[in-house]
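Structures for review follow.
Presented sequentially are two complexes of chain A, the first with chain B as partner and the second with chain C.
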Partner chain A sequence: MSERKLTSSVDMKARQRAVEMVRRRFLEIVEKVLRGEEPRMLIPKRTLSNTIYDKDRKLLLLGSEVFDRSFLDVREARKFMQTVLMASIIYEALVNNEYPTIRDLYYRGKHTIKYRDHRGRAVEENTWDEQRESDAVLRDIEVFVGLLREEMLILSKEKGKVVGDMRIRSGDDVIDLSKMGHGAYAIEPTPDLIEFIDVNAEFVLVVEKDAVFQQLHRAGFWKKYRAILITSAGQPDRATRRFVRRLNEELGLPIYVLTDADPYGWYIYSVFKIGSITLSYESERLATPNAKFLGVSMTDIFGDPETKKKPYLTETERKNFIIKAKKTDIKRAQELMNYEWFKTPKWIKEINIFLKKQSKLEIEALAGKGLKFLMDVYIPSKIQTQDFID
Partner chain B sequence: MAMSVEKFKAISPAEFFYRNKEIAGFSNPARALYQSVRELVENALDATDAHGILPDIEIRIDRDKVKTYVYRISVKDNGIGIPPQYVPEAFGKVLFSSKYVLRQTRGMFGLGAKMVVLYGQMTVGEPVEVITSPIGSRRIYAFKIMIDIKENKPVILHRASWPKNSDWHGTFVKVAIEGDWGRAKSRIIEYIRRTAIVTPYANITFRTPDGDVYIYRRVTKNMPPPPRETKPHPHGVDLEMLRMMLRSTNAKTLLDFLVMEFQGVGKVTAERFLSRYGFDPGKDPRTLSQAEIEALYKALREYNEFRAPRSDHLSPIGAELIKIGLQAILQPEFVEAVTRKPVVYEGHPIIVEVGIAFGGAIQPSETPILFRYANKIPLLYDEKTDVAWKVITENIDWSYYGVQFPAPLAILVHICGTKIPYKGVGKESVADVPVIESEIENGVRHVARALKTYLIKKRKEEELQKKAITLVKYIPEIARSLAVFVSKPNPATNGVTQELLESKLFELVKMKIGELPKGISSVRDVVLSVE
Partner chain C sequence: MSERKLTSSVDMKARQRAVEMVRRRFLEIVEKVLRGEEPRMLIPKRTLSNTIYDKDRKLLLLGSEVFDRSFLDVREARKFMQTVLMASIIYEALVNNEYPTIRDLYYRGKHTIKYRDHRGRAVEENTWDEQRESDAVLRDIEVFVGLLREEMLILSKEKGKVVGDMRIRSGDDVIDLSKMGHGAYAIEPTPDLIEFIDVNAEFVLVVEKDAVFQQLHRAGFWKKYRAILITSAGQPDRATRRFVRRLNEELGLPIYVLTDADPYGWYIYSVFKIGSITLSYESERLATPNAKFLGVSMTDIFGDPETKKKPYLTETERKNFIIKAKKTDIKRAQELMNYEWFKTPKWIKEINIFLKKQSKLEIEALAGKGLKFLMDVYIPSKIQTQDFID
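After this line comes the complex of A and B, so read on.
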């Protein structure tokens, strides 16, 4: 069987594009060296100071600051070496039809340089010691070349799952997401290579907790309410975020996010909605500005005298289900208050209630009140009454 | 070769005790062994370098197989030798000395060998063996001598001579004493090492009772000029010395006495001096009363119109030789030395020399390693009470000179003069007389400044080298990585190989750094392998 038939055609195309782009960028450096010019790369900075919150588009974006990584700068020489080394490994993997993981890249590039120091002693230095270092230059290459790692066919662990009444093409196969049995479709690390064929759903529900996803799946939630059901299983990976974004952008489906009622749940939601600080350069492709925070909100637990909203929990249930907030939770909540994108009246109210009550609640607690309550009361009524935070 | 003739004179037993009341050094068997080696080695050096002869000196200590406290020390030199008629008295009569005149030699009193013989006779009882052949003599003379202590005269137990069929001249001395090698060992070995530092023009071999052999080879044929004799300066004599000079002078009048026996005193000066203090210029110097002698002594000290003392009879080692010696023995990476101009201490000229050695084979320590010398003799004991120690540990702030301790730093301080203010009877440490302290301090600062300049230059070079290495070490990995992108045929990059990229990158580093440090002429000088 020929190579062509083993690999999908979308892969081949993506591969060809990545080969050209990586090659073009680094050949510029080769040519500089051949001309006797200082080899350097101008790389956009990935720091908080160069992270801009675009209020109109509601996105975290990379600013315009760049830094100069030159081989002849003693402070940057090592990083320069690491960057071209990483680029060469990625390029070789692309050319050789491979799908490396970031761990693979780390191992492939870990070489030992033996050299004589200024005192004449033989010393050893690794091209990189920890994966933290190789991951950092990989991010530099993503912004330098203008390609995300998925586009360079670098794989990461699949974490996100999806079920629902829709069909997609992944590789050369058509997959029916309504026929996954008790299982679910693991969202592939290269969600851009997925083609949506047809969909029969009215909204997307993203659940932070894998266990809650399974309960809702088995109870037939997505069939009953014509939903696409997704879990990020904790902090969302890039593939899940990109997949959610495409569902919203290309299919026009509203996105509702359901997390724990605590600062970490809120941050997971914000990562879906506007992007993360460390990966702000990908927000433009990964963030879903229209995503809505369905719950669990503080007003769901404690009610809201201002809007005369009644809590979903009775006094007794509240006593049994809520957990006392830890110091780190409080600290995290105070940090969130400083972020531009949490400075809306609804979020300020949420965070203030949290700081006042110093209590948090897991989604499982709502399922504890009865799966039926979660599936047939809480979620539908929240959506119906538009009781969410945008 | 210019040879000066040694002057031999007998001095009285009273003078001996006067002159030797401060000589200790035989207080216990360990110290006595150390002192004996010192005396014999210093005599051997005085018999050679003081006469323009490049020294070849062989030292040997043997332990008696039966009486293990008995050690036989022998020292052989290639010096001027001793005329046979003087040998019995030179070794067998306590007060015989060739060093009475003022000249800077190692042993100040020339009594060293006799002290050794005397001590050996008291503790072991064997005669001293002397074999000698004066320079120019056609015979070799051998003696076995003891001292008749009561009569203070030599007893010759054996005497022989035979024609010489080699061109050897010099002296061989062998003496048996009670010693303690175990406790003296480290000091004696160190003494010889330190002697070798200031005599880089000598061949010195030393065989220990353990059978170890230390060899210090001659590394230069340059020697300091031999010291010349000089007459005392009027400010530099004490009462006893003045008394002896008055007694032994050939001058018939006080005026002649001053002109003949002192330096810096001409006829006019002498006349002026005598009339100022009311002395009779025509008086026979031998007839001065006790009171007159004391008055003359005070006047000589007081009068300040004599010419300043001369220093040309002093024999400094010289900055060049100090550097050569430090370099040969310590193998440092940096060495510098200075010979200071003469200064006057109580009527005696003094010259201070300072050497410095840094890095290389010197082991770092918390304080500088100090090598002290007085008239070329290493001083080993009582280091902490010496003025040089005070200077280098208290007066000098080494951090100012770029030295951070622990540091591989050695300082050599040599004081030469006809009178050195020792502390205590052991003559092992020099007192902190202000003029000497400031001379040492200025000398140390002089060489320390040179060290500072060197360290700054070295640091700059090191920085540059570090910088070059920081860049060069990554070249192979970068070249290999970049070569990956040109593996496809492409007109712009045709024929581009990893090697070409390496050399281009190396050229870039060269351009950036300017001149590359020595030892880096290609990538492979830095990078050994990439695996």
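After this line comes the complex of A and C, so read on.
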């Protein structure tokens, strides 16, 4: 079978584009060397101090600081070498029709360089020792070239799943996401290559837990409420985040996120909405600033005297379902309070109730009250009454 | 939309069968009570001492020991109550068209029973406090009724994915597993309800790591080598194991398992092949005694002077790719040596090389040598020369 048939035409196009961009960017450095100039790269800084929360766009973004990675600077020479090494590995993989992962980029580049120093002594130095180092260099290349790793056909494991009344094109296939039976469609690691063909849905429900996704899917939630149903299976990976963002941005679908009522669940929501600090340079494409936190919220559990909101749980149910918060949960909640995007009145209330009650609740407790309660009472009424946190 | 259309006709049939079996089994107990007899259940013991390794069938199986759970035995009364409670929750869920998970079965049953003891004192007792307790009771019901939890439409999270030239029916849909684009088909939690329609493949390759699955899928491995490609994404869950078993048993496809070269990878293989001790009562349906360990093996890394096998790695590659084993790895390897099914000459050799070299290797290191090496050299030549461990 020819290689042409083995890989998709979509990948071939993406590959050509990435080859061109990586080549052009690093050719500049080669040309500098040929002109007798000092080879250097200006790379946007990915430090915390250069990570800015844009209040209007509600996104974590990179600031304007750049650092000058110069080959002739002793402090930068090793990093310079690593960057050029990584770029050459990525380039090789692209032209050779390979699909590396960040783990094998690490292996591909890992070796010992033997050389004589300026005093003539034999020296041995490893290109890198740990994946932490090669990952950091890869991030530098992403911002330097202006391509996400996925656009360079670097793959990764992928947990996200989707079902719903929607047709997409992935690779050379058209996939009907409403015809997955009891199973689901596992999202590809390169969701920018997906083409949305048509969609018949009113909103997107993102569920933290795979098991709850299975229940809602099987009971026909997405059919009954015209939803696209997604699970991140825990902390969302990049592909799931990008896929959700595209559903919101390109199809205009509202995004509701359903997690456990605890600081870990809030953080999952926050990664969907704002981005994570280590990946701030990608937030602009991965985060969904419009995403709403549907629940489970503390006021769903305890009610809210201020707004006269009644709780969804009875006192007996609270007694049976609530889990006592651990010290790590409390600590996590206190950390989240310091983030700019958790300083809204609704979030402050949410976190304060948590700190006062020291209680958390799993989504499964609502399914324990009855899947029909979760599917036909809780979720629809939360959406209808707009009882979410933005 | 009617409930009929929301859930699949396949589920409705499975539900009716389960309702009937649960009802019949527990009706026997009710009838005993009505006849004035002592209510009791004879349940096969799920203890280690009653878990037997069947050398001929190469399976972990339950032995013939049963215990007598009697309502009037003070030591058993609490367990009896829990068992009847769990059975009634499962029954309710079945007739109400619900799809519980083991986590919400725990929540559904969790409450406090208030009663007066024989001295007239008010006593409070929780049905159960931890999921460990409700899970144990669920297992008792599985062996007592003779139905796996999946057959009672109890769902769970599910990590397994599959692609390949194969058509299946799941729920009311026909799914072409060769038309998944760059994504994959996420296997349903109830794989016994899948119907195999037709298949065009010569073997099944099960890959431990999702990222390696993504690479092989994207490079067209399954097309080129006529394989069904599966990932368990780490430790396999029940559904992935059952799906693999069915591919072997019903379609006669050989199963090759590809994991990291370390005791954790060996254990993953062993769960596919033999079963796990806590789930021995299900091995008969979940395990695949014919599954072969394709690699990565210690002799792939170091070669084997005895058989004159050459290693797949050069000395430089070994230096760059090998990871030093940790104490926990060594301990794990020593434990595995005690298992009956690791006492074959090939496994003893494998574990001894590991203990001597104290080295492990990830599959990604082979992809680091080039995806084409992994795909077009390593895997095909291992299969062709039958260089696997049985």
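One rule holds in what follows: the second predicted complex is superposed on the first by the 374 of 390 C-alpha atoms of A that agree within 3 Å, B and C clash if a C-alpha of one lies under 4 Å from a C-alpha of the other, contacts with A are read in each partner's own complex, and residues count from 1 in each chain.
Convention: a contact is a pair of C-beta atoms (placed from the backbone, for glycine too) under 8 Å apart; a residue touches a chain by one contact, two chains touch by 3 or more.
These figures come from a predicted structure and were not determined experimentally.
In the superposed model, A:V84 lies in contact with chain B only, and not with chain C. In the superposed pair of complexes, A:G368 makes contact with chain C only, with no contact to chain B. In the superposition on chain A, A:H111 makes contact with both chain B and chain C.
In the superposition on chain A, A:I348 contacts neither chain B nor chain C. Once the two complexes are laid over each other on the shared chain, residue contacts for A:G220 go to chain C alone; chain B is not touched.
A simple residue count on chain A separates chain B from chain C, and the partner touching more is C. Contacts of A:M12 after superposition on the shared chain: neither chain B nor chain C is touched. In the superposition on chain A, A:M180 makes contact with chain C only, not with chain B. On chain A, the surface touched by chain B in one complex and the surface touched by chain C in the other have residues 111-112 in common. Residues 23, 26-27, 29-31, 33-34, 36, 38-39, 71-72, 74, 77-78, 80-81, 84-85, 87-88, 91-92, 111-118, 120, 122, 125, 127 of chain A touch chain B in their complex.
Residues 1, 3, 5-8, 10-11, 96-101, 103-108, 110-112, 153, 155-159, 161, 168-175, 179-190, 193-194, 209-212, 214-215, 218-220, 223-224, 233, 316, 319-321, 362, 364-365, 367-372 of chain C touch chain A in their complex.
If you check the complex, the residues on chain B that touch chain A are 462, 465-467, 469-474, 476-478, 480-482, 484-486, 488, 490, 492-493, 496, 500-501, 504-505, 507-509, 511-512, 519, 525-531.
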